[in-house]
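Chain IDs A, B, C, D and E follow the sequence of writing; residue 1 opens each chain.
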Amino acid sequence: MADAKRPNQLFRNLNAKVAALPMIATALVIFVGCTVWTVVHSFTKSKLLPKLDFVGLDQYDRLWSTNKWLISIENLAIFGFFSLVLSISIGFFLATLLDQKIRFENTIRTIILYPFALSFVVTGLAWQWILNPDFGIQSVVRSMGWESFNFDPLYNQDLVIYGILIAAMWQGTGLIMVLMLAGLRGIDQDIWKASRVDGIPRWKTYIFIVIPMMKPVFITALVLIASGIVKVYDLVVAQTNGGPGIASEVPAKYVIESMFKNQNLGQAFAASTMMLVTVLIILVPYAYLEFGGKRREK
Amino acid sequence: MKNNLTGPQGPKPKKRMSPNNIMLYGTLLLVTMYYLLPLYVMVTTSLKGMPEIRLGNIFDLPVEVTFEPWVKAWSTACTGLNCDGLSRGFMNSVRILIPSAILSILIASVNGYALANWKFKGSEVFFTILIFGAFIPYQVMLYPIVLILKNLGLMGSLWGLVLVHTIFGMPILTLLFRNYFTSLPDELFKAARVDGAGFWGIYFRVMLPMSLPIFVVAMIIQVTGIWNDFLFGVIYTKPAIYPMTVQLNNIVNSVQGVKEYNVNMAATLLTGLVPLILYFASGKLFVRGIAAGAVKG
Amino acid sequence: MTSVSIKNLDLNFGAVKVLKDLNLDIPEGEFLVLLGSSGCGKSTLLNCIAGLLDVSGGQIHINGENVTWAQPNERGIGMVFQSYALYPQMTVEGNLSFGLKNAKVPKAEIAKRVAHAAEVLQIEPLLKRKPAALSGGQRQRVAIGRALVRDVDVFLFDEPLSNLDAQLRADLRVEIKRLHHQLKNTMIYVTHDQVEAMTLADRIAIMKGGLIYQLDSPDVIYNKPCNKYVAEFIGSPSMNFFEGEITTDGAPMFVTAGHSIPISNYEFISKPAAGKGWMGIRPEHIVTGEAVDAADFALDTTVELVEPMGSDTIVWCEIMGVRIRLRMDGQSKVRDDDKIRIGFDAARLSLFEKTTENRI
Amino acid sequence: TDLEVTHWWTSGGEAAAVAEFAEAFNATEGNTWVDGAIAGGGGVARGVIVSRILGGDPMHATQLNHGRQAEELVEAGLMLDLTDVATEGGWRDIVHPVSLLDSCTLDGKIYCVPVNIHSWQWIWLSHKAYADAGVPVPANWDEFVASAPALREAGKVPLAMGQQSWQSAGAFGVMNVAIGGLDLWTKVNVDKDAEAAASPEMLKVFKAAADAREFAVGSNVSDWNLATAMVINGEAGGQIMGDWAQGEFAVAEQVAGVDYTCLPGLGVNEIISTAGDAFYFPKQDDPEIEAAQKELAKLLLSKEVQVDFNLKKGSLPVRGDIDLSAANDCMKKGLEILAAGNIMPGGDQVLSPDTSGQIEDLMVEFWNDTSITAEDAQSRYAEIIANAD
Amino acid sequence: MTSVSIKNLDLNFGAVKVLKDLNLDIPEGEFLVLLGSSGCGKSTLLNCIAGLLDVSGGQIHINGENVTWAQPNERGIGMVFQSYALYPQMTVEGNLSFGLKNAKVPKAEIAKRVAHAAEVLQIEPLLKRKPAALSGGQRQRVAIGRALVRDVDVFLFDEPLSNLDAQLRADLRVEIKRLHHQLKNTMIYVTHDQVEAMTLADRIAIMKGGLIYQLDSPDVIYNKPCNKYVAEFIGSPSMNFFEGEITTDGAPMFVTAGHSIPISNYEFISKPAAGKGWMGIRPEHIVTGEAVDAADFALDTTVELVEPMGSDTIVWCEIMGVRIRLRMDGQSKVRDDDKIRIGFDAARLSLFEKTTENRI
């Protein structure tokens, strides 16, 4: 049996450490290792194959003077802003609708959630089809007699990113709605009663009392959406393939094309690194909120 | 006694058609229409013949229902020289899905369990890195992973893809499981330790049987994610094991003369069928699991 | 004048009837406690009064007005919840004034009322804090303040103390009582803690299964429970019961397990009748030592278990085939297996009819 | 032996052509062609091909545009050296023009098999469209420009254009040679002369492209063959597209000269580029597979296969010594030009994928955004040329 | 023989020192209760004994063996948790046998032990049920059974009753006490309910801030608290305190607010010394009515508030500048504003030094 000596700390709960090995390996090798590898290679002039010919910041110079990249970034900003705002507000709004003790709640919830089961490729194709001016909504409305009706977001340089947004919302709001609904259901019923006794209208209760109480849910939702935004690729490829022109290019597509089509790995890695930086810009405030906040509580 | 009551009594009469209700159900109707529209269009289109598609409008019901497009999408649509539609991809997808889903969920659940109940020095650090990993765009890791798989000798094999899915599923799933296991009463874990159960004993005999909701969520997330994946499927495998989505891409993008929208839609629906069925079948559990694992923490 | 009057109230959740034809009149300024075990419908009744639940039948009058269909905020009631339900993201001041702002009360008036409530409740220094930064007791005061500022006639409390620890509970109990003395509002207070009920109430309504079993002052409820359920429910440790028979040939007697207990000193509600019945005696009404000599009935027994509780001691022993508890002074030095003599007075007994279980 | 062959030939005509290879190879003793088609064009497919080769699990043979795309893979020693097969088959003597073989050569060793010659410099005109509009079918670019308004009036799109970036860049290249002349083209694309790219002559090309941009308004299709379909159906007047478009006409059973007209060099400057597809054979460990690879390489250049393949594909054979009597009108025109030596190198042979990619991006932007003037586009173009490697 | 012995135990959570150089010896068969307010480190100490927390310093011996670094199951302890922590997916039988199966005990032996435990705890009919189908009391018995089958030397309880309602709590308390009589194992029991502590314990350890303030029998703790914290913590309503001075010129006196209370009958620990101090008297040690005449000290006062509690009544009044509570019989009919005379004996007082707050 154990004696007074303290056993080696490394071997205490060895099983737990062994079980965590896949996670440790993934964290270190994939997430740290690959990132470092990519960042390092972004300073080289690798073409088809990774090589360590360092060229300083050349790739970044070129990146930031390339119109396609600038448009990509602009699109990402617009897309990101609107998908955050819309997903959260639509998701919350739908959740409040479903929270009104309505009939058919399960059915409606399922209907709103099902697009989440479909891939971005499918989503993109379906909406490309619906938004096609020659036989989609536009032509249907026109054939009903409203000849001047114009609705062709996917063929309009200025609107195309919103066309993509429509599809993205269709696919993604369901999950946010479910999250919000779970959050709403988790709110103490007494709060509702208190606000009724105080004579506060329902909508005010939602805005001034319930939303502030759901901060953790909103953060979770924010993180979920944000992590998807940077990665957006399939949807664009399936829906517009960056067109018309390069009006709906996005950074992830820029990376993939630099990597495989243009065979300029250095450029691709520089672009990926910039994406990584974007992610960090999003994550650091979150980490601060999450971990900084906890420290304060103590 | 009851008779001498005057004035309002009993339940307040409710108007069925109050403006509020009309607004509420009206909005819900519009919302459901928006969400159902694409599915409706896909289904009707896939049941029409090409002439009807060219002439009619996409919102019309098919005049003449034909299952031809489904048959074609499933078994005869061509990509290059292969004219067996999605059928081949389906089996591949299943072969990829099962080990990937099982492995990734198992590993993530064990990780989450270790993180929740057996914290050790540094475990939080690794976990934080892992969560950061969820945000890293795939593109950043696409290339280095090719090299890693090459060194492991797994490039192009089913197991390489399984590994990739396991890796990329890990952050979100681990978070999910960690939150869930943290929300289980600590005392249960302590009781099991006093009873002499070890790391695995507690995991299998105590924790697992209590984790159905979160496993359902994890399963749904993984099944959809893996089933719908295209990028990894095309880059890390080879034609012999291409998943259904690659096949779908091939069918949709192999334009032969005219775009056969009906076949494309049928193929699209066929590809989405597995996750869709899963959703319709387990929506309730999913919502419950989300509430159990994702909202907290 | 009755402040709250409930007439033939029914409430169903779907097929489940929770409240059944309930009648209750509460005079102005009364502190009424609704007491009952979990699930008996206390909160449901309170919610009906507050207008948070739609009644299925009957009427509710507050201050003479029929408010059966009125909105909660129109009823002149304020409510304090078990979890306090403070709005967590607002300061104490925000919590107090939110309802008023909403009712479009002028700013100056709001400030005045908040200041007054804060003074009454002594929470002035806390006005700028958020609920998370308050202790349990302070939260409770804020919750009361929320009702106070609205200048309501009736305060409703739903187990406001049950989340607190014993010490704080005892302190706040007294504070609520003081507040009632000061404000003189009608208060309806739900609890399942009998100590709270006994100490706070002007009258207690004992509820079970959606019915009010007894509605009386604490003293009457404690000493003259109207049926066996109430007798058993009130008092801790609870009353000891003996099953037996009442005989009226000669002086009335209660016969159980071969013992005959004289009950001529018992205050019967009506003329005593022979028949099966229950006899109940509270642990603290069983006497020991010298006092036994003066008791109506006495016998010897052996101590089985002693539970010292500081201020007093609970002693378990068996008499007449029943394991009973009796309460002794905290200083008494009885031990397990001691032989003791115990006794009790008929005047302190409660007798119940066998089938109806009603007091006789 | 099973050979897995990847390619991105998935349209109707292309698939039919590649089937000829497969059939021929399957006919040889004990060999099977395992088709690894990847749809979506070279952009998608090349990624897959390169990562698989790099990842150590290469396919056994793959289509790539010869030229600079595979340079680095060859340099890294990942490709099979075919010199012995070439010497044995006397490829230097049979491949015409021999520049095609040069593109496969590195340090005197041959690494790929050219299988066809594809020329970009064509415009395809729909007889039906012009008949509907009541104007004659144009014979050159200027007539085409002149007739465009008439087509518009008839509710047709004068010039069909797909949305893919390589189409935009390709069409521009065609106009570059046709309108600016071969010298200018060579200076810009081969010598990477930025001054020439910024010259007034070049501006003319851009102006012409800007005009063409107007003609293309209204063709809401993305794939090139859908644009071709517009020409076939008479919805569009014409399409600037490489000779592979012929495959689509063939599938639609249209006859050159009757249903449609093809004008090499836009009818202005009859010249064709000699780019084309080639097959590479990634190195394998297994000698048995290597043997099969070499067998396939030999087969790809054999006379019969060349004939069958190119007839289906609509491209020109890489052998000067075969008789293509079965060829149609347009193909014959091409063969004549080829025989006359009016040839130029293809874009992929002179520009790195990186540079072509940048030009494609510029062009697709230019073609789709009318707010970009010819001058703007030209200056950005000149900059790309200046930085080209 | 000591059953559990804790030597110089330290425990830190990061920078927070929760237990500080704690020493505790528990003889075999003792029922020790750890009592203290929330957050004082009771559960932490219990978890250290159980091996569920790694100690930061010091040693733990159980049955003479140093088990400081042993796994929980190797220590010969069984533990019962507040929520019982029954494995919800296993039947009662599964719950009971889980530990034994882990220890690879032969099947027959397991069956025997489960049967025995089920008999002792009278849960035989429940063996095939799952925990969800059990009542609170039954669950608790199963939880105890889980320790019982493992035949351990030491039972650890972490607030096993605090989730239950008052009635059940009282019943189960007695059951635990009976079980201890029957099994005679060493038991360590954590609670913050003083009634539980008083009734169950052989000895009580009063904890605060990770330190043990007093370790003594309930009787001593109640009547002779070793410092003011313990005095105040134990007893409900809690002790009344007066600040003042002890004078020893002549007979020792406690002087407060102009009154001099003779304390010569007080049992001083050492020789009485003059100085500032606190005087404490429990509400139930203040007498009224005839008994006042025999008291060491008496004065008149006015009743401020009466809290009837059935079995007894708490009366609030002010004497010597302090608002005090006194406990009277439940039958006494005092009313608010009555004038009463009260008194107390010096022998029943507790005196504490002003600065150290230790008993003198």
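Assume contacts are C-beta pairs under 8 Å (C-beta built on N, C-alpha and C of every residue); 3 or more make two chains touch, one makes a residue touch a chain.
None of the values given here were measured: they were computed from a predicted structure.
**Student:** Note the shortest touch-path length, in steps, from subunit B to subunit D.
**Tutor:** 1
**Student:** What pair of chains is linked by the largest number of C-beta pairs in contact?
**Tutor:** Top of the contact-pair ranking: A-B.
**Student:** Roughly how far is subunit A from subunit E, centre to centre by C-alpha average, rounded to an integer in Å?
**Tutor:** 55
**Student:** How many Å are there between the centre of subunit D and the centre of subunit E, using C-alpha atoms for each centre?
**Tutor:** 91
**Student:** Taking the mean of the C-alpha atoms as each chain's centre, how many Å separate subunit B from subunit C?
**Tutor:** Centre-to-centre distance between subunit B and subunit C: 54 Å.
**Student:** Can you list every residue of subunit C that touches 2 or more other chains, as numbers and ranges?
**Tutor:** Correct list: empty.
**Student:** When you check subunit B against every other chain, which residues touch at least two of them?
**Tutor:** Residues 142-143, 147, 198, 249, 252 of subunit B each touch two or more of the other chains.
**Student:** Scan subunit D for residues touching two or more other chains and write them down.
**Tutor:** Residues 44, 47, 51, 54 of subunit D touch two or more partner chains.
**Student:** Along subunit A, where are the residues that touch subunit C in the complex?
**Tutor:** Touch list, subunit A to subunit C: 188, 190-191, 193-201, 204, 208-209, 212-213.
**Student:** Quick one: in the complex, what on subunit B touches subunit C?
**Tutor:** Of all residues in subunit B, those touching subunit C are 1-2, 5, 7-12.
**Student:** In the complex, go through subunit B and note every residue touching subunit E.
**Tutor:** Listed in rising order, the residues of subunit B that touch subunit E are 185, 187-188, 190-198, 201, 205-206, 209-210.
**Student:** Across the complex, what residues on subunit C touch subunit B?
**Tutor:** Spelled out, the residues of subunit C in touch with subunit B are 7-8, 10, 54-59, 66, 68-69.
**Student:** Quick one: in the complex, what on subunit A touches subunit B?
**Tutor:** Answer in residue numbers: 9, 12-13, 15-17, 19-20, 22-24, 26-35, 37-38, 50, 94, 97, 100, 102, 106, 108-123, 125-127, 129-130, 135-136, 139-140, 143, 170, 174, 178-179, 181-183, 185-186, 216-217, 220, 226-227, 230-231, 233-234, 251-252, 255-256, 259, 265, 268-269, 272-273, 275-276, 279, 282-283, 287.
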